[in-house]
Structures are given as C-alpha cells and as structure tokens.
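Below you'll find a set of structures to go through.
In the two assemblies presented below, chain A is common to both, partnered first by chain B and then by chain C.
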Partner chain A sequence: MVTNVTSFGRSGLSDFVLQRVSAVVLGAFGLCVGGWFAVNPEGGHAAFAAWFSSTPMVVFATLAVGALVAHAWIGMWTVGTDYLRPHYFGRASTVVRLAYQGATAALLFLYLIWALAVIWGGLNGSTPPATGEMPALPHASAVGEAPPAEGS
Partner chain B sequence: MTSERPVEIAPTSYLPVTAVASITHRITGVALFAGTAYLLFLLDLALDSEAGFARAAALIETGLGKFALWITLAALAYHFIAGVRHLLLDFHVGDSLAGARRGAWTTLGLSFLAAAAAGAWLW
Partner chain C sequence: MQVSLYRYDPDRDVKPHMQHTSVDVPEGSDLMVLDVLEMLKAEDPSLSFRRSCREGVCGSDGINMNGKNGLACITPLSEAAPRGKLELRPLPGLPVIRDLVVDMTQFYQQYEKVKPWLINDAAPPAQERLQSPEDREKLDGLYECILCACCTTSCPSFWWNPDKFVGPAGLLQAYRFLADSRDTATEERLSDLEDPFSVFRCRGIMNCTSVCPRDLNPTRAIGKIKAMLVTHGT
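Then we have the complex of A and B:
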C-alpha cells in the first residue's frame, strides 16, 4: 500500500474515497444554498438568516465545512505533489512543497474556525437576526436570551 | 532524482480535450480555494445583520465585487459539473476513449452555459 505522511487519510485509497464522499456533500450543500437564492432572489437578511440558522441547516453547514477541509486538502495536496517536484524545482522542491502545504493547512484552519464561527454564530457579539422567528440554535443562546418556549 | 526514466509528455505538443477538461478541473479547484474566502466573507456579512446583508449586497453590485463573485460561481459550476463527470467515470459511465472525449466536451459546454447564466443573473 502506498502511503504518504502528508496525505489526508495516510492512504491514497482513503483519500480517494474521502474526496468523492466530500464532493457529494459539498455538491448537495452548494445546490441547497444556491437553490435558496434562486427561489428567494429578494430574500433579505431576516429570511436568509432564519433559514440558514435552522437546526437542519446548521448541521448540514457544519458537515459541509468538514467536507470542504478534507476536499480542499486532498485536492491541493494532489496538485502540489504533481507540480512542486524536483523536475521543476530541483533540490528546493521539498522545501517549496512543504511551504505550500503549510500555507494550505494554515488557510484551511483559518477557514475552519471562521466558518464554524459564522455558522454557529454570535461568538464575537454579533447581533442575532430578527427575534422570535428563530429556533433556539444558535444565535439566541449566544446573547443570553432564553430560547422561546415551544409547544407550550 | 537523477533517474533516466521519462518524466512526462510535453503538454504543449499534445493537448486533447480530455486533458483540457482535467487541467481546468484543477485550475478551478485551486481558484475555489481562494474563492471560498470570498464566499465565506459574504456569508458572514449576510448572516450578521440587516446592515451586513446590505453591505454584502452592495459589494456584489460593485464592478470588482460582482466580477469576483462571477468568477467564483463560474469556477464552482465547472468544478461541480466536472466532478459529476468524474463520479460517472468511477462507475465506468463514459470511460471509453470516445465517451471520455464526449464527456469532456459536454463538461466544457455545460459549464460555458452555466457561466453565461450566472453572468446573466448577476448583470
């Protein structure tokens, strides 16, 4: 079995499967969000935030962020190992490739934290969207409001 | 590496449509790595508040903001369509020589239409 210390799943077969599974997740998520804007061209903040902050969408978006990190790493790694090699870069190729992989990893980590903060909301004191219409997750709790009592 | 084995076919001397489709899948993938930051920035603004949503909406009305969004959406459309083709190839749908060429042309054609549609929607 071919392994590589910088591949995502430590195995090419694992990366092969992960790349496809994450692609399906990202494709479905992209169609979902794109579809919302197609159906609601004049959506506005309140309607969009209410929809995007619903529990199913928060779960779906979190899954999509995980898929994005894996997909982007495997894709960028594949491109990097194909082109940043001795044929083009001579003896510097290992350093060049590691710098590229390090920058990729750092940016992906930034995306991960940023995206989770956006999806789970309110971490830095951002105001929750329109009150009342939202489920308890996640903005309401971040500003100390009691979630609306449901079903009572 | 000092081995004498052949390293590659010079891509400039022989570039079939399947190679164009493949390299475009890679280029759009790397472009989306940067485009993700832009989309995330817009999403952050849109979810933040009415004012933030208005700022995001205003940003994509500026020439540069709109062009950046169009490039990102066009790259996304290509990457998506080429990805679907890739999954079909995994199941041996269209993986004959002629089928692969047809699939590559279809991917390029559909993406061109999708990019045009995105442009029409934005402008």
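Then we have the complex of A and C:
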C-alpha cells in the first residue's frame, strides 16, 4: 500500500506550498546567474568566481540548493507513489518504492553536500576546485539511508 | 456502421475481448450511442450495460466511446464516431463486472469521504435555513453533478491512486459544501483534505473538465479548494 509516511512534510499542503516556493527561488536564482552572464558577456572564470563567492551570492546559492533538494524530493516522491504501485509490481511494490526513495534520498544528499562544499569552499577567497577533484565525494559514505551499493 | 464492443462475461470468458459487429443506421438519422446499444441488445440479449432515463439526467450510462468518456444517451453518433467506426468500452480504471458494466464501489467510497451533506449544528429554524441569492449563486456549476463518473474515470491520478485520491467528482462535491454559506464544517472539511493524496494528487490535467456531460468544471473547483487550503493553513 502507498502511504504518506515518506512524504516531505507528511502534509500535501506543505508539500504543495514548498514546491511552489522552491520553484520561485530556483527561477530567481537561474535568472540571477543567467543575468550575470548577460551583463558580463566577456566574464571569464576569475570574474565569475569572484562574484559568485561574494557573501550574498553564497547565501542565495545555498538557498537555491536547499530549494532544489526539497523540490526534487517532493517531485520524485510523487512520481514514485504514482507509478511504483502494486498494480505493476505486485507485493514487491513497497520494496521497489523504498529502494527508489532510498536511492533518490542518497543522491540528493550527495548533491547537497557536494554543492555546499563547492559554494562554501569558494568563500575563503580561493577559486573553487576543478570538478575532477571535488572534495565532497567521500561524504557519500556518510549517507545513512543509502542502500549498501557503494561498499560503505 | 461498424461497431467494436468490449465484451466480458466472467462466467464464460477467461479474458475480455473485443467483438466486431455492425448495425444498420437509418439513412439521414443521427442516433444516440444508446440507441445503437439498444439495437445491438435486441439482437444479442446477453449484451450488458446500464441505462435508465435516456436523457442525460440519471448518470447511469457513462461509457467510453471512441476513447472518450460520456453518456451514451446524449452522445450522437456524429460526435462519437465522426469517421463511421464506433468503439465502445466500459469506463476505464474501475473493475469490470460484465461487458460495459463497471463496479462503482471505489467511486462511491471517494464520494462518501467528502461528507456530501450539509453540516450545521445550530438548531434548525422553524422553516428552513435561508441563503441570500448571492450565496446561492456560488453553488451553481457544483450542485448539478449527476455522479456519472465520466470525469473521475478519465483522470490518470484516479487510475494510479483510486483508494486515496478523491477524484474530480468527489472534489467537486467537496467544494460544493465548502462554498455553501449554511455549512459550518469548513475547517474540518479542509483538514480532511490536507494530506498529499486527497486533493493534491490533482495535477491539473483537465481530462475531467473535457468529458463532463453537464459541462461542469471540476478542475476549477479543485483549484479553489487548494486556494482555500493555502489561505486557511498559513
């Protein structure tokens, strides 16, 4: 049986409001970053990094990452409770759905830690590390709800 | 006219199948789909479907005609089968009892959930609870529903969660009592609808509104319920 236990706020109303508020935050953040490129067509990495690591942008980016995680969880949860149902999976549907939700939660948690490391890593004036050496990946082993796929 | 019919008799058939047959539609006439069903039943009395009023009032002959739900008695062939080929199936998403007859239990259970009756604990006045003409007008477009289930059984959200999502017909009635100036249970009604499924599974697909034979608009009513929930809940 599909239940509400794993929903974000356990209330459709709070999920509904959060879904919309987070969409507005993400939209504003997208416009803001897009706008920077529009007014600085010649921007370059150094200029962008300097702007992006200013305190207001760090706060805004943190907010946007939080909004992304909440938005994605509510959306993915809804999709899962629509389609991963006994109708298709029989008695295994609860297990299938929990695995899907666990994987989603683990991935979102990973993104959260990674994004925060990128955003806050730039604060002390250094440029963010190149993608290849992201320092956040080892945090994956700290994901409590992750299925034991990563050998943790 | 060529007709494809969904046939299923649980006593004889292992699985449902489509029966291909044809009827002679008199030249120059525009019969209703129900007339065609009656003609087919005259030939094969085992064909089962529900009907009663034959004028769009009772809501018993909701079926799926060429992919679209509607009342067979008020849907002319020219509208249901403009290309001359008619395909009739039971309403989707509900268990089939036999041929075009579906088991409406889940539909009624969802209807019952919204407490579709007036709640007012104040002692009733000697004659009746009065309402201003303006307040009465707020119920237009809501009270006319005949519970034919055309809307709810065309709603994908109801197909996926028929045990939890109230569905457009039930929600239209939920709003009919939320909007009633004489009803005093607004808060309770709203808190019963706050969970992630009852109302919020509506994704605004509007299948419901496009099939309603009474031209009602459940999607709009659902939007108003959501707005009421947001203003009451914050």
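Note that in this section the second predicted complex is superposed on the first by the 118 of 152 C-alpha atoms of A that agree within 3 Å, B and C clash if a C-alpha of one lies under 4 Å from a C-alpha of the other, contacts with A are read in each partner's own complex, and residues count from 1 in each chain.
Definition applied: a residue touches a chain if its C-beta (ideal position, glycine included) is under 8 Å from a C-beta of that chain, and two chains touch if they have at least 3 such contacts.
Remember, predicted model here, so these are calculated numbers, not experimental data.
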item: Which superposed partner A:Gly30 touches (first chain B, second chain C, both, neither); value: first
item: First (chain B), second (chain C), both or neither touched by A:Leu18; value: neither
item: Residue contacts with chain A in the superposition, chain B compared against chain C; value: B
item: Touching partner for A:Val69 - first (chain B), second (chain C), both, neither; value: neither
item: Partner chain in contact with A:Thr81 - chain B first, chain C second, else both or neither; value: second
item: Partner chain(s) touched by A:Ala115 [first = chain B, second = chain C, both, neither]; value: first
item: Chain B and chain C footprints on chain A, overlapping residues; value: 87
item: Of all residues in chain C, those that touch chain A in their complex; value: 157, 160-161, 163-164, 194-201, 226, 229-230, 233-234
item: Touching residues on chain A, where the partner in the complex is chain B; value: 20, 23-24, 27, 30, 44-46, 48-49, 52-53, 68, 72, 75-76, 79, 86-87, 104, 107, 111, 114-115, 118, 121, 126-127, 129
item: In the complex, chain B residues that touch chain A; value: 1, 7-8, 26, 29-30, 32-33, 36-37, 40, 43-44, 46-50, 52-54, 76, 80, 83-84, 86-87, 90
item: Contact set on chain A toward chain C in their complex; value: 1-2, 4, 7, 10-17, 78, 81-83, 85, 87
